[in-house]
Amino acid sequence: MPELALPFVTTGAAAAGGAQAILPLVATGLAYDAGGQRRLGPLDLTIEPGRRTVLMGPNGSGKSLTLRLLHGLLQPGAGRIAWAGRPADQAIARRQAMVFQRPILLRRSVQGNLRHALQSRGIHGAAQTARLAAALAMADLAGFADQPARRLSGGEQQRLAVARALSLQPEILFLDEPTASLDPQSTWQIERLLQAAHAGGTTIVLVTHDPGQARRLADTVVFLHRGRIVEQTPAAQFFEQPASPQAQDFLAGRIVL
Amino acid sequence: MRIPLMLAGLALAAGLNAVDQAAADDRFIIVQSTTSTQDSGLLDAILPAFTEATGIAVRVVAVGTGQAIKNARNGDGDVLLVHARKDEEAFVADGEGVERFDVMYNDFVLVGPSADPAGIGSSKDAVAALQAIAAKAAPFVSRGDDSGTHKKEQALWQAAGIDVAAASGGWYRETGSGMGPTLNTALGMQAYALTDRATWLSYLNQQDFRILVEGDPRLFNQYGVILVSPARHPTVKAADGQAFIDWLLGPDGQAAIAGYRINGQPLFTPNAQPMALRKAG
Amino acid sequence: MTQEFAAAFSLAWQLLASADPALREIVLRSLAVSLSAVSLACLVALPLGAALAVTRGPGRTALVLLLNASMGLPPVVVGLLVYLLLSRSGPLGALGLLYTPSAMIIAQTVLVTPIVAALARQIIADLHAEYDEQLRSLGLTPLATMRTLLWDARFSLLTVALAGFGRAIAEVGAVIIVGGNINHVTRVMTTTIALETSRGNLGLALALGLILILLALLVNGAVMALRFSGLKAAYA
């Protein structure tokens, strides 16, 4: 297994510079409706700076919806989201990043994808060159810089997507089951990148199905069931003594109704 | 991609502008004329001599007489060269043109398949021929496009006392297109048609068709030339347009018209009045 | 009939082999007019198509419908509209563009723009559906989104431009009205074919038609080669 290069992960507070803090992220009474039906909430949720929050729950419990609402890809039907007390705006949006379950890569080369993301955040010139090289090394894709991104293997594609997100040096990174369809080695590589980002100060909100991954990465676990938060506890407590019967069933590998 | 494309577009536009510009720098006039003068090859044959003599290029827009007159009324031409005397005189009377002059004539002929189902080939009488065609309900193809030829044909039907509108779509077929396409249609349908002699002689697809009726004085086809009124349309190039008209009516132009032949046959007969008479008139 | 086809083929070959100067002139003019028209149409239609694909708002559906419907605009109608516009007695008459290659370019641009815009909108909308979440996550402005989509769809859009070019180079109805088919000035392949058909010179008309097809084939081949090499380099 190749050793992953982690040349720099200066994110989080460092990247914020002198700007006003955007965390904690507080959702109050958050709800989402589709087709006249309530699909999520109302729920209250707080993401603390520098923490790794893992959203778990069975299929259809509303994990991905929650993530998209927090990141601003969907507009809530009710409730409010506050970033250090302020509503989201363009500037706050540009201090976040997201990785999707199936990586959305442009029809460009590996470095073309990285350059596009950096340019979109106004990073040009020497800074862009440096971050691009670092991201390539981070994703262990330096030898593939000029390859079409969509010809990479599934694991390579997701590594590129994570490196692309981290190259933006977001203060908060959302990930929607980033390793759901990857082999164990690719999963391990992605997790290493996330650990390094966390060490650099990036706040992480991760959706996963995999209790093992949650155990390895979570500081806090939020367990959802049928669009509601059933448990919101420190990871150790969640895995040792899950309070709700749904979480108990889920951890035991039983079908959760 | 967009940038190279844009550059290519700009380069091309610039190039064409240059072409336009070069052409605009040349002296030229626009002549609104009929398809018969172009399809017969007359203008291609005689215009180079005029351009050489005067340095004025002639740009010919060849459409039906009706459309040529409309275009000229819009000011989209300097000289009108057509063959529908009444309309030409109306054009001048309306103040759209300066003065009308006879240039040349040819004649119309009735063409049809050698088999001649209506048996019109034995007589010179064009009106009687049309009556015979109508009596047999033999197919006849009309321009149907308000051209000079179409107007002549309508006048002949009227003289024959036949209401072709009633037969339209039956044995009487209106193509609504130029002389050439109409002849193509007549050949395809083995139908009779009225055409000017010049177009017929230069038409290369005659197959078994031939001239069946000719020589009737009523088939006479006079061409006139008019300078579009610079008073009405200030963009008209009056001097150069007049130079063209003078040349066309003068000895050089008239000789060039007389000299244009296909297979030894003249297509048009020049008949401009001598200069002295024109001035007097 | 077969004899006529054979004669037309042999005539087309003779014209090509002898590099007939008259033929070269009208071929070059056809290419210049239609390529210019397609380029200008793309300048307008690609951003328009992208804008319609990316934005949602009132009137958008109506505009898309209008665009799709105007793909079927008859060339003669376009020619007539442009004639009325450019005629000396029309609103743009003072420009003196009627019966020039510029007038033909304008007419073909009007003819081709709806086609390019409508097809581009469809292609870009499909790509947008795929990229949407990533681009919004990056916080791209609508303009930057359009730019990204136009660039990434460029090879498909090349095919769209080709469809527009095919329509432009093959049409006769618009250019014969606004160009006037003036020898050495506005005579192109299609108007020459119309003229030779009028003259009953069917063999030459057919031969010119064959050369027109050959021309379209060459342009298509060039674009396909470009697309293929580009796809190999950047696509997946």
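When the chains are written out, they are named A, B and C in that same order, and each has its own residue count from 1.
Following the convention adopted for this analysis, a residue touches a chain if its C-beta (ideal position, glycine included) is under 8 Å from a C-beta of that chain, and two chains touch if they have at least 3 such contacts.
These numbers were taken from a predicted model, which means no experiment stands behind them.
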Chain nearest the overall C-alpha centroid of the shown protein atoms: C
Chain pair with the most C-beta contacts: B-C
Centre-to-centre distance between subunit C and subunit B (centres being mean Cα positions), rounded to whole Å: 32
Whole-Å gap separating subunit A and subunit B, where each centre is the average of the chain's CA atoms: 78
Computed distance of Cα centres, subunit C from subunit A, in Å: 47
Residue ranges of subunit C touching subunit A (in the complex, touch as defined): 130-131, 133-134, 136-140, 144, 148, 152, 233-236
Residue numbers on subunit C that touch subunit B, as the complex places them: 32-33, 35-36, 39-40, 42-43, 46, 87-90, 93, 96, 98-102, 105, 150-151, 154, 157-158, 161, 180-183, 185, 195, 197-202
Complex interface listing, subunit A residues touching subunit C: 68, 71-73, 90, 93-94, 96-98, 100, 104, 106-109, 112, 116-117, 120-121, 148-151, 168
Of all residues in subunit B, those that touch subunit C in their complex: 1-2, 5-6, 8-10, 12-13, 15-17, 19-20, 23-24, 30, 35, 38-39, 41, 44, 59-62, 71, 74-76, 178-181, 183-184, 202-206, 233, 235
